[in-house]
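Each of the two complexes below includes subunit A, the first together with subunit B, the second together with subunit C.
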Partner chain A sequence: MADKNGFFDLSKTTLSRRTALKGLAAGAGLAVAPGFVRYSQAQSSAPIKIGFQSHRTGIGAAYGRWYEKTTAAAVKAINDAGGINGRPVEVIIEDDGTDPARGAEVVGKFASQHKTDIVFGTLFSHVVIGSAPAAGEAKIPYFVVSEGHHVASTKLNRYVFQPGITDVKSQIQSMAPWIAANAGKKVTQIFPDFAFGYDHRDYLPPALKAQGADVIAQIAIPPTESSFTKYFPQIPAETEVIYHVMVGPAVLTFVKELGEFYGSNRPQLFGFMDSLEATDINSPGLEFLDGSHFWEGSPRYAQPDDSAAQKAYRAAVGIDDNGAAVGDPKDVSTASHMFGCWETLYVVKKAMEDAGYKGPEDRAKLVEATEALTEFAEGPEHPQGPKTFNGKIHQCFGIQNISKVEGGKLKVVHKTKIEDGLYEPEGDYTTQAL
Partner chain B sequence: MTEASPTKPYALHLGVIALLFALSFVLPGYHHGLLARIMVLAVFAMGYNMLFGYVGLLSLGHAMFFSAGLYGAGLTVYHLGWNVPAAFAAGLACGALLALVIGLLALRTTGVAFMIVTMMFAQVFYLVILYFASWTGGDQGLVVQQAARVLVLGSASFDLTNPTVRYMSALALFSIVLLVTLAIVRSRYGRVLVAIRENEERTKMLGYDTFSNKLIAVVVSGTICAASGAAYALLFGYVGSSFASVQYSILPLLWVLLGGAATTLGPLIGTLFMYYVIDITSGFTSAYLLIVGIALILLVLFFPKGILGTIRQRWLGWLP
Partner chain C sequence: MLPTPAFAHASDRGHVLLLPTGYYVTGGALAVAISFLVLALLPPDALGRFWRRHLPLIAFGDRLRTIVSLVSFAGFVFLIAAGLFGSRDPLSNPLPLVIWTLLWVGLAMLQGLLGDLWSWLNPWYGPWRIISRLIGREDEAQETRPPAWLGCWPAVFLFFAFAWFELIDPAPDDPARLAFAAGLYWLATFIAMLVFGYRGWSRSCEFLTVFFAMVARFALLERNEVERDEDGRLNLCWPGAKLLAAEPLPASGIAFLLLSLSSVSFDGLSKTFFWLGLFSINPLEYPGRTALIGIGSFGLVLTFVLLAAAFFLTVVLGQHLAASRHSFGQATGLLVWSIVPIALAYHVAHYLKALLVDGQYAIAALSDPFALGWNLFGTADMQIEAGVVAGADSAWWLWNLQAGIIIAGHMLAVLVAHGLAWRLHPVPSRAALSQLPLTVLMIAYTVFGLWLLATPTAG
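Our next item is the complex of A and B:
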């Protein structure tokens, strides 16, 4: 049924049959070539193939880049030491665009086209949750480095693990005793009005209550907001601590406007490093943060008491004492999270060795071997610190760092204990069929 | 309007369905799974095409109809434990009801105003999903567990997570919607819709109630999009707010424009093309969206009416 008025004419340009055929031929060549060819390449040396679901584009791109660097460093270290079960490790990267729908497709691509042994490396929670069904259906182990509570909530499936980074519920719970004892007992929370903020909204009040402190106000800020001044009058006058977890590019404006609102007479500030990952702490506008405290997963700045393992890890990944790329001080890392890639790969190595893993037919064994792990000692494989692992909820627990902004650097002033972050399991993945 | 013999179009469409059926047995695993997803999303594009292609109403809010089906089906399974047919019906009902309400309000406008109004309603729908995060999972979304995604028909049960069952379910939905769409556009009603698109005032003068006809088209379009969303939730197990974002209102427009607006098979071609361009180019460079953009520009230059639209104009005038 043709339109007569040219309603759908996007251009009045005419084309010759020859040019049309050229275009079609080019398109057809593009369409058939790589998709069917690429996965048939690296079969000869029979490496362990790890499918890296990377946020190369989209909102997670800054993290994705550093996750790739850390993963490359860990794989080099593992291969230099003989690989896994005597086989080299090969990483195959696919971009998920930080999009859950594409994420699920990428998992399917790893499982059935690249035929990787596992899928690994996802950070953003919505991508993890969107991809988890595909991993469960393909029965391919899916090791995420996300810090979301989704894995530990046991709402995903038996093939999803988070053994290399603690979850946000545990992190928040670990922070509460220090905040109540050192910063203040009347806390106002400012958080983004989406899921990352909701974890803090929901888990901080009970954690502080248990320490004799209270959340006296919760201010949710829509993610579309670019100016924050109008929210600050909602902060109660008796507030002793402002607990902030603003993320994204608006954080510079947020801090600047908060500084203008309070001047020099401000309450204590406590934030999560997620706000400033890949951002220079000395950026103009962030001066107001001087003297405030942050949660850090792994310290961005080298500390005087860094272990040999921590020093070796930083050197291997290529970050200097200020947490920026060696040779490019403006390229600030995502140090609080990216160590999880390093540690997760060593957990995979350990589980594959325990399972006597030979190939995809042993994936179920790999799941069971991972679930059987209980603790990871601090050392070259786990430079961030010691961890325990709960095989029923597929989640690790570890220490957290509280750092103070001093002289344009972050200095670790307190390390929590593993026990501070433990909580009652909410389910048991091991009851699910493999 | 090109008259066609009744057999050719039906033979072509049945042939396409037969081809898709046959591909199930020969495609490698990844492409098999991807094509199942493409067929489901092609249904979304077909729903969009019903309104954009045949009525000439450019909506920028169809993500809300897809999401109404997605959440209508997903939430009833997740929170109420409904079975697959009931959840699918709930998704359809949500989409149809929402389309009726939106149609009644948005059809008071035309042209650019219609685009803006539909986009604003879709944005409201998106923010409502985020607001009720405790029910919807907010921006993280929800997983519909494998155990809940089993279709029981009498004594037979079909696991929708099984790749073959999923592919055939997607094909069944795609085939039904394709044939229904074909029947509609070849019907007297379909011709009225095209008449409205070409000249609404003249159609009114001929005695047609254009508002009612357009409203029916909005409801049919919204219901088809909701069917796609409901199927997506049940077949792929993820319900998330990103499907309600403006991106998913623009995507069906792109798919339809690429494949050929006002062609019944264009939405499939466009969806297929876009998916594979992204899939292949993202393997080479992180700047794949640049390549996608160039591909789109080339298509606009060489296929100004979309792939099938141009083919119809130049060679196969009988294509519906």
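Our next item is the complex of A and C:
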């Protein structure tokens, strides 16, 4: 992508994802590159700088890799279409090591050293929670793609937003109508015994109750457990649906042992794709999942009725019909979550344009412009589906997918309505001072 | 408390959990035990004669060594500049990828296979030759050598610091942080080499040279020392043959060797559910490196102390069983060489996956070291195939490869220990008896090594 002067030229439509993303070397003088002629009509041709707080190493690295790919694809698409406010977008990656303390440090670096316009892209909730105070202190907008309920709980601060992915409380709640109507009325939950499992433990029963169904047993499994057979006798015999949200390396063992426990005569199974993100659904040990159902944020497998926007998104990110990397079929994506990076960047674009954003001095205007957003229509910018946005709690609400494991693939059998996942706001960020 | 979704993904270890790893552990332990029994029955001199056979290959001198090292130094400077001014992303910046993946994993493997490449590739020798000639200190006789009582304790402490930085520091991959650490270490070492001489300092104080030289003792190639005008001849030899002629190590050398094995063992152990469970840390909600600095530092020291204690105990017991007249120091210093194949096997097995994936990132990053859109080697836009280590099939062959490496490493260790024991105890029955406790330790370490690769881990 280098022109004859050795500068890399953003005006070429063939801009590779690599140059778009690796972009900012510390102090690299991009603004003087000849390629920026194209943006010269804008008041400033300097790039919009997005600080990508990325899980490049540590426990989140498998997700981080796909978040990076999706972000690169979105930035390329945005730049190909003229950037934001006529300015190119540049992403600076800092690795947070999936470490909350390091995360806060990285936010500080973005604000004071790299002087980015915003911070973006965090997935792991403990890193979000650890970094949010630093963002608030530096008064730098912090757009996370975490699906945690922490943003909507209004326990963070006014600078933290989650406009690209529905939070877990809404996801769980929106599953209840379908489960009660199609899977069964007597539900037993099996979940890991820590915060992640507690979301499901706490949010599902009231949602099911409202649909005339009941959680009849809750089985909490210690997080360090690697064999599960001894817990299965606790599942009540009258159980019609097993709702499982196990995570970690022992998931395959869990499914295999559950299969051995039940044989061919099993209750309905309902799970969350969080258990098997980046894992091939056809892996040995998972045979027992055939015919069972899963929540999916965005479908891993291409569906017959995929919209043009969904097809374009998949092609841009580089995932094949099975949801794996094009050219590397064993590299299964984190499809249920990574679309949030794409959509969040388009929300940032919209909010910056609404605010007439010029630079870090306009960060407060950007916060208010984001809070003023109310809905995002399905389309190339929001390929996962339509969403509403609640500016008071800084959280978006979208449709969810329920998919059936069938013939070694996940087939979407139901799409929830946005209303299925709405709940009473727990606070109001807009009352906080900027 | 705020709700905290976790994304601990099912990971490749999940596939390993479904494999019959218990059989491998039993089989590995048996293989090591049987190697001991077979060796005890073999006539010692026949084995030694066979093992020492070598095939002379070409001979070459040291003329190019300065140039090779200077090129390596230029590359190092380039990488430090990339670390300071290139991409902030540790998977796009070549510095962390070259140091942690190509050097620490890749070169260690090559050293174990091909011999002491580091003595040519290190970034100090060339600059030292030039500067010492300029300031008229080229004559080794003029140099102030490091005092003898220091032994290689500086290398032990520096290696510990290095292991701490790699395994416990919150951000060893951060390009700028690593550039400062590596740059300062180069400079301090270079000054020390000017003061104490290249040979003196690199042999006992520069930890990378000490480590790589140790690993090279295992290699299939050896090169005779260059003497006066005669070129050094390269010989093809059996793995570990060079260990047989090794001199007993002083206490500091023993500590260095044990530390090299205990640190990589701790790297594996620190991520297991077992270890995290001891400190009531939820592995599915892994709190990150910063929160684990205290526990990690403790663990790094603890594994060293435990390994050293176990090793010393087996040597004492063995010497007692054989009614040995050798001093404890001499026996330990000699037998500790049998740890080398184990350390190398652990290193290879443990970092194999990292090499396969991060090695690709390194190749891509080297083409565009400053993130300026360059494509120096035509690899800048190559697709990184992370799938090479993903899925059940990869898990199966990787596990078999790792298990094979661990078991082979321990079998070779038994062989080396056997050869060394003959030097201490020329009477066959005594030699065999003296090794019995050490063999038990090696069987236990085989089991431990396989367990580390099979047990649930965070991340």
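The criterion applied here is as follows: the second predicted complex is superposed on the first by the 389 of 434 C-alpha atoms of A that agree within 3 Å, B and C clash if a C-alpha of one lies under 4 Å from a C-alpha of the other, contacts with A are read in each partner's own complex, and residues count from 1 in each chain.
In this section, contacts are C-beta pairs under 8 Å (C-beta built on N, C-alpha and C of every residue); 3 or more make two chains touch, one makes a residue touch a chain.
These numbers were taken from a predicted model, which means no experiment stands behind them.
Asker: Counting only touches as set out at the top, which of subunit B and subunit C does A:391 meet: first, second, both, neither?
Answerer: Once the two structures are laid over each other on A, A:391 reaches no partner at all.
Asker: Mind working out whether A:136 is in touch with subunit B, subunit C, both or neither, as first, second, both or neither?
Answerer: first
Asker: For A:163, decide between first (touching subunit B), second (touching subunit C), both and neither.
Answerer: Neither partner.
Asker: Looking at subunit A, does subunit C or subunit B touch more of its residues?
Answerer: C
Asker: Is A:125 in contact with subunit B, with subunit C, with both, or with neither (first, second, both, neither)?
Answerer: Touch status of A:125: both partners.
Asker: Once the structures are superposed on A, label A:205 by its partner contacts, choosing first (subunit B), second (subunit C), both or neither.
Answerer: Touch partners of A:205: none, neither subunit B nor subunit C.
Asker: Which partner chains sit in contact with A:256 here, subunit B, subunit C, both or neither? Use first/second/both/neither.
Answerer: The second partner, subunit C, only.
Asker: Tell me the contact category for A:328 with respect to subunit B and subunit C: first, second, both or neither.
Answerer: second
Asker: I'd like to know which partner A:299 touches here: subunit B for first, subunit C for second, both or neither.
Answerer: Once the two structures are laid over each other on A, A:299 reaches no partner at all.
Asker: With both complexes overlaid on chain A, does A:108 touch subunit B (first), subunit C (second), both or neither?
Answerer: First partner only, subunit B.
Asker: Across the two complexes, what residues of subunit A are contacted by subunit B and by subunit C?
Answerer: 1-2, 7-8, 19, 23, 27, 56-57, 94-95, 97, 99-102, 125-126, 129, 148, 150, 155, 194-195, 198
Asker: Can you name the residues of subunit A that touch subunit B in the complex?
Answerer: It comes out as residues 1-5, 7-13, 15, 19-20, 23, 27, 30-31, 33-36, 38, 56-57, 94-95, 97, 99-102, 104-105, 108-109, 111-113, 125-126, 129-130, 132-134, 136-137, 148, 150, 155-157, 193-195, 198.
Asker: In the complex formed with subunit C, which residues of subunit A make contact?
Answerer: By the definition above, subunit A touches subunit C via 1-2, 6-8, 16, 18-19, 21-28, 54, 56-63, 65, 92-95, 97-102, 114, 123-127, 129, 146-150, 153, 155, 168-169, 192, 194-196, 198-199, 202, 223-224, 226, 247-253, 256, 274-280, 283-285, 324-325, 327-332, 334, 337.
Asker: Which residues of subunit B touch subunit A in their complex?
Answerer: Where subunit B meets subunit A, its residues are 1-2, 28-34, 37, 53-54, 56, 130, 133, 137-146, 161, 163, 185-186, 190-191, 194, 197-198, 236-238, 240-243, 257, 260-262, 276-284, 286, 288-289, 295, 298, 300-302, 304-306, 309, 312-313, 317, 320.
Asker: Which bits of subunit C are touching subunit A when the two form their complex?
Answerer: 1-11, 13-15, 17-18, 84-92, 170-171, 173-174, 176, 273, 276-277, 282-291, 364, 368, 370-375, 380-381, 383, 385-388, 390-394, 456-459
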